[in-house]
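Both of the next two complexes hold chain A, though its partner changes from chain B to chain C.
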Partner chain A sequence: MAFISSGYDPSSPMKDRITDIGPRKYDEFYPPVISKNKGKWLYHEYLQPGVFVHVAESGDEVYSVRVGGMRLMSIGFLREICEIADKHCGGYLRFTTRNNIEFMVDNKSKVKPLVDDLMSRKQPGGCYKFPVGGTGAGITNIVHTQGWIHCHTPATDASGPVKATMDVLFDDFVNMRLPAHLRVSLACCLNMCGAVHCSDIAILGYHRKPPMLDHEYLDKMCEIPLAIAACPTAAIKPAKMELPGGQKVNSVSVNNERCMFCGNCYTMCPAMPLADDVGDGIVIMAGGKVSNRVHAPKFSKVVVAFLPNEVPRWPTVTATIKKIVEAYAKGANKYERLGEWAERIGWERFFEKCDLEFTHHLIDDFRDPAYFTWRQTTQFKF
Partner chain B sequence: MAKHKTPLLDQLETGPWPSFVTDIKEEAARRAKNEKKVNFQVPADVCDDLLGLLELSYKHGRTHWKHGGIVGVFGYGGGVIGRYCDQPEMFPGVAHFHTMRVAQPGGKFYTTEYLRQLCDLWELRGSGLTNMHGSTGDIIFLGTTTPQLEEIFYVLTHEINQDLGGSGSNLRTPSDCVGQARCEYACYDTQALCYDLTVEYQDELHRPAFPYKFKFKFDGCPNCCVASIARADLSFIGTWRDDIRIDQEAVQGYIGGELPPNAGAHMGRDWGKFDIKKEVLGLCPTQCMWLEGKKLKIDNRECTRCMHCINVMPRALRIGEEKGLSILAGAKAPILDGAQMGTMFVPFIKVEEPYDEIKDVIGKVWDWWMEEGKNRERLGELMKRQGFQKLLEVTGLKPDPRMVKEPRSNPYIFWKEEEVEGGFMRDINAFRKHHMR
Partner chain C sequence: MPTVEFGGKTFTVDEDGFIDTFDNWCEEWVQHVKKEEGISELSDEHRKIVNVLQDYYRKNGIAPMVRVLSKVTGYKLKHIYELFPSGPGKGACKMAGLPKPTGCV
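Moving on to the complex of A and B:
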C-alpha cells in the first residue's frame, strides 16, 4: 500500500485549493427527453407496479422504471447500475428521495427488456438486486439511518432491520393493493435523522437505561454545561465526585427518575455512554405523513413502547409491522392514509384492530402540550 | 475466503429484498482479488473488517464506534464525519472509518460517466462503500482514513469539479424533489432554486457560523415528495393562486372509466367503479367542488390546494398558471423541545430569478437566529421561545390569519407600550387621588 499523491501538497496546503464550487449543475445530467420537456409535462400514468410514463405537451414520453435501492451500496453495485443505464438508458439514471433507483427510457418498446433485465439479476443468496416496484398505493423503500454500520449513538441497527422488514413487506413493494401509499422509515436513535416523526409506520431505536458516568474522564472530555443543557428533562446537575483513589473531580450527577434515556447528553459528552444489550430496543410509531393531501401533515404517534433487538431479523418488530399493515389494508377507505384511518375510527379502535397492547408508556407526559393529547370529551367507543 | 465468520449477518442474505450483507461481501471479495491491480490507499480488507465489526455489534447488541471524531479538510469546518472503531486491534481495517459528504446534483439525476468517476476515486482512496444517498441528500462516501481526506478533496475539486456537502452548525446540503424535470405538478423549478441558493450560500454551508444546523428543502407542490415540511428549517413548497385548470372532456373520461383514477395507483385491488362524488367531491377538505350537469365545477376561492383532486384526476385537472411558493419555517426532529413541522409564514411569493425576494427573507431569518439563537437551538425552538410574532417582526411581514391554524385561546396577550394610549409609566399617587387605600 504505497502512498499515491493526488497532486495535493501537504507542505503548502492552501496552494491550488479549490473551494466553494458546490454540486455539479443539475442539467448536466438530464436525459435528453427530460431536458427537452422540462416544465412541459401534461400527465403521468402507472402502467404496472414500478413502471410509469410521463407525457409532455410535445407528445414525447418518458417511461420510468423504479427499483428498490439498498441505500448502503458498494461501488461494484453502483457500477452494475451504470452498466444497466448504459445498456438501456443512454447512460442516464436518477435516485429518488426514498433512495430507490429510477431508470428512464423514451420509448415504450424499451420498457420490457429493461424490466426483464432488472428482475433477472439476483444475488447468490437469491435476493433480487433490482426489484421493480415502489409506486402508487403500495409500500416503497424504507428511509433509514446508519445504525451499527457507522454511528456512535444508535440503540439499534438500521440496515439489518430494514432488510428484515422489507423482506416481510416485499409483496407490497411489488403491488399496489393498499388504500394509499404507506411510508415506513427507521431511525436508530431519537435524533430521528430522516423521517421517523412523519411516517405512516416508523421504527425507532430506543434506550431504557440512564447513562453510565465515567467520572474520572468526564471533566477532561466534556464541556459540563453543554451536557447539562442537553437534557430535555433537566435530569443532569453538576457535581463534585471523589474517585476511589481520593482524588476530587468535577463531574455531573444524573437523577435517574427524571431521565428518559434520550441519549442527548452522550451526544454532547463522550463520558456518558448508555447503550445496553437488553435495555436497548425499538419503539414503533404510526400515523404520520408529510403531504397536504385532504388532511394536514401529521406527526407519527407511539403505538408500541418497546420491542427487543432480536438479531439478525427482528421477528417481533417485523410481525408487529405486518399486523398494522394488514389491519390498515382491511379497514381503511380508498385514499385514506394510515393516520387518517386511525383518527377516523379513533385510536381506541386502532389498538383493537391492530391487536396492540395499550400501556402507560404511550400517554404523553412531556411538558404542557401533553395535556392536549389526553381526552377532554365524553366521546369514546367501548 | 472471508476474513471473519459472520453467522448472524449471513442470515440477512436470503429473502427477496437486496441484501447489503451480500453486497459488502462481494466488494470485500473484489478487493481481495483486485483484478485491476489497484494500489488501495486504505486497507484492502476494510470491507471484511466492517462486516466483522458489525457482526460483533450483532453479538453484543451495541455499537462499536467510538464517540465523535473531528476531522476535515483545510478551509472548511465541515463535510466529513470522523469515526473510529472501538476495537482497532481486532479490526484494523476500520480503525479509521470516516464518512465524506459529497454534494449531490439536483433531482439526483446522474450520468454513468460521472458516477464512474466517483467510483474510481472511491475505489482507490476509500472503502468502496457508499450511501446513495444520505437523508439530507448528499452522496455518502462511507469509510476512509484521515490522510486520504485531502487527497480525495483534491481529486473531487480538481478533476470532478465537485464539492463536499455540509455538516455541523451550518447550512446543510439543500435538496429538492424531481420537480419540473419530470412532474406536471411542479409549481416552480425546484432544481433551479435549490442550485442557485446552494451556490449563493457556499460560505454558510462550508464554514459553520450558526447556532446550530439549518436545512433548506424544495418541494414543487404540496404533495411534498422531498418532505420539506417535516425535514427542513426553511421549507419552500410550490403552490398557485389562480384557478385549477379543468379539462371537462377528460373529467368525462374518468367518470366513464376510460381513464384510471390516481393514474392507476390503486390497480392492485378492485375498488369498484370510479365514483367522482365519493372519491373526489366527497373527500375535498373544503367541499368546494360540485357537478353541474356533467360539468365539474370548483369554487377556487375556497380551495386550499391540497392536491387531492389533481392527484386523482391528473389528466383532467392541472395546477393554476399563476405559480409561486409558500415558505414554512422551523421543522425539526424532537431533540430538544419536541418535533416540529414547518409553520406557514410566507403564504405566497413569486419564484423569479435571481430570487432576490426569497433571499431577502432568508437573510432576515438568519440575521435574527444568528444573533438570538442559543447554542444548539434550532430555528423552530427560537420561534417557540421568542414567539412567532418576533419572526414576523424581523422579516417585516404583516400578521395574517393564514399563518395560524386558530387564534390563541388563552388571553395572556402582550401589548407593546406604544400600542397603548398613555404608555406604561404611571403615578400611583395620581391613582390614589381617586381610589383610597
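Moving on to the complex of A and C:
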C-alpha cells in the first residue's frame, strides 16, 4: 500500500507536536440520564442475568445490559458495537473493568428489544457475539493477557484457553446460581499481568526448564548485572565462556539446581530464552479475592502444579476448572467466596472435594515466609 | 540482522535500530543516530550525556538509572527530553551504543 502521511514531518519531529493532553474526560461520554443523576442514585436491582436497573432520587431509571466481550476485537466488531449503541442507546456505551460491554437505556420498554437484538447476533462459526450475562453470583469475563498473540515471555496462550474455559463455563455466565461471584483470571507467564494472584480461580502459564544461554550474543545484547539481579533464587552468576571458535567472552552461568524457571532473566536479557513446547504448561491457583466483603482480601494459592498445553482447546485445564467450580457450587454457603469456603472447610478438605491431587510442588519453599504456610498445629481432618 | 550504512561505514542493527555491539560504536554511529532521531545540531550537552552513559556502562556493565544520569550530568529529565526527543533509553542509549533497554518497557 502506498504511504499516506498523517501530516507528521519526520524531518522535524517536534514541529506541531501535541503532547501531555491525557485522556478525554469521562463525562464527555455520559448518557444524558447518567449525567443528570450522577451522585444521586438510590438503589439498584438485578432484573435477570446481565440486566440491572439503577434508580435515582429523581425517579429516573437506567437499565444496563451487560454482554460478554472477547477483549481482543477487530475494528469491524467495534463498529458493530457502535451500531447497536446508535440503534438502542443514543450512541452511548461503556466497557467494564472485566472487559464486558454495557449498553444503557433509560426506559424499561427499551430493554427487551435490546436484549433480543444482542442475543440474535452470532459469529459465522455459531458463537454468540453479545451474550447477555456476567452479573451477580455467576462467572463473568476472564481477565487475561497477551499470550502467543503478542508477548515474548508467555508459557501459554491467553485468548485460546480463555475461549475454551468460557465455553465450558458459559452456563454460569448467563446464570446466577453460585454461592457468590466467581472470578477467573489468566496470565500467560508469572509476571502475572492482570489479576491471577487475587482471583477465585487463576490460570497461569508456567515453564519447567531453565533458560538456554546464547553465549555469543549475551554480553552484546544484555546488561549482565541486570540479568544476575533478575533472579529471585540467585541461580545466575557472571562467567567467562569460550566460544567454539576459541574466542573468550563475558557471559553468565546458571545453576540449574537453583533455577525454578520463572523466566525473569529472559525478561531482562534476550540471550536467555526458555520457552519450550513440552516443558511449558499451566498452573491452576484458587481462593483469591480483592473485595473487603466479610473477609479481608486474599491471595490465590497454587492447587494444581502442572497441566500440559493442549492446543487448541486445553481440555485438561477446562475439565479441572469445571471440577473446582462444581465442588464449590455444591459445598459453599451463600455469599461465601471460593477462598472463604476453602479456608472454612480446610484446604485438606478442599483437595478432597475438588478431587485434586496434592503434590509436593504445592508446599511453599520460597524463603522465610514459606514456614508460615506449613501447619503448626495438630488441628486437621483425616 | 539488518544493516545500515552511514558515512562509509556499515553497522549491524536490530529491528529497533540499536547497534549489535558496543564495540562497533564510533563517531559515524553518532551521526547516523542523530539523523534517525531528528536531532538538528549535536551540542556539547548531547556529547556529555553520551559520554556519561558510556563511562557508566564501561564501569558497571549496565546503563545508569535515570536519576543517576540526571545527577551526574546535572540535566533534569525534561532537559534530557529536549536534547533527545525519544528519551534517555530510545534516544541517548541508542546513540551511545548501549544495548537496547529490556524489561516491561
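Heads up, the rule we're going with is that the second predicted complex is superposed on the first by the 382 of 382 C-alpha atoms of A that agree within 3 Å, B and C clash if a C-alpha of one lies under 4 Å from a C-alpha of the other, contacts with A are read in each partner's own complex, and residues count from 1 in each chain.
Note that in this section a residue touches a chain if its C-beta (ideal position, glycine included) is under 8 Å from a C-beta of that chain, and two chains touch if they have at least 3 such contacts.
This structure is a prediction, so every number in the text was calculated from the model and none was measured.
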Touching partner for A:Phe306 - first (chain B), second (chain C), both, neither: neither
In the superposition, chain B vs chain C on chain A residues touched: B
Which superposed partner A:Cys127 touches (first chain B, second chain C, both, neither): first
Which of chain B and chain C A:Pro270 touches, first, second, both or neither: both
Contacts of A:Phe358 with chain B and chain C, given as first, second, both or neither: neither
Partner chain in contact with A:Ala137 - chain B first, chain C second, else both or neither: first
Chain B versus chain C as contact partner of A:Pro13, first or second or both or neither: both
Partner chain(s) touched by A:Asn191 [first = chain B, second = chain C, both, neither]: both
First (chain B), second (chain C), both or neither touched by A:Ile224: second
Chain B and chain C footprints on chain A, overlapping residues: 10, 13-14, 191, 226, 270
Contact set on chain A toward chain C in their complex: 10-14, 191, 220-226, 267-270
Interface residues, chain C side, partner chain A - complex: 20-23, 38, 40, 57, 60-63, 85, 99-100, 102-104
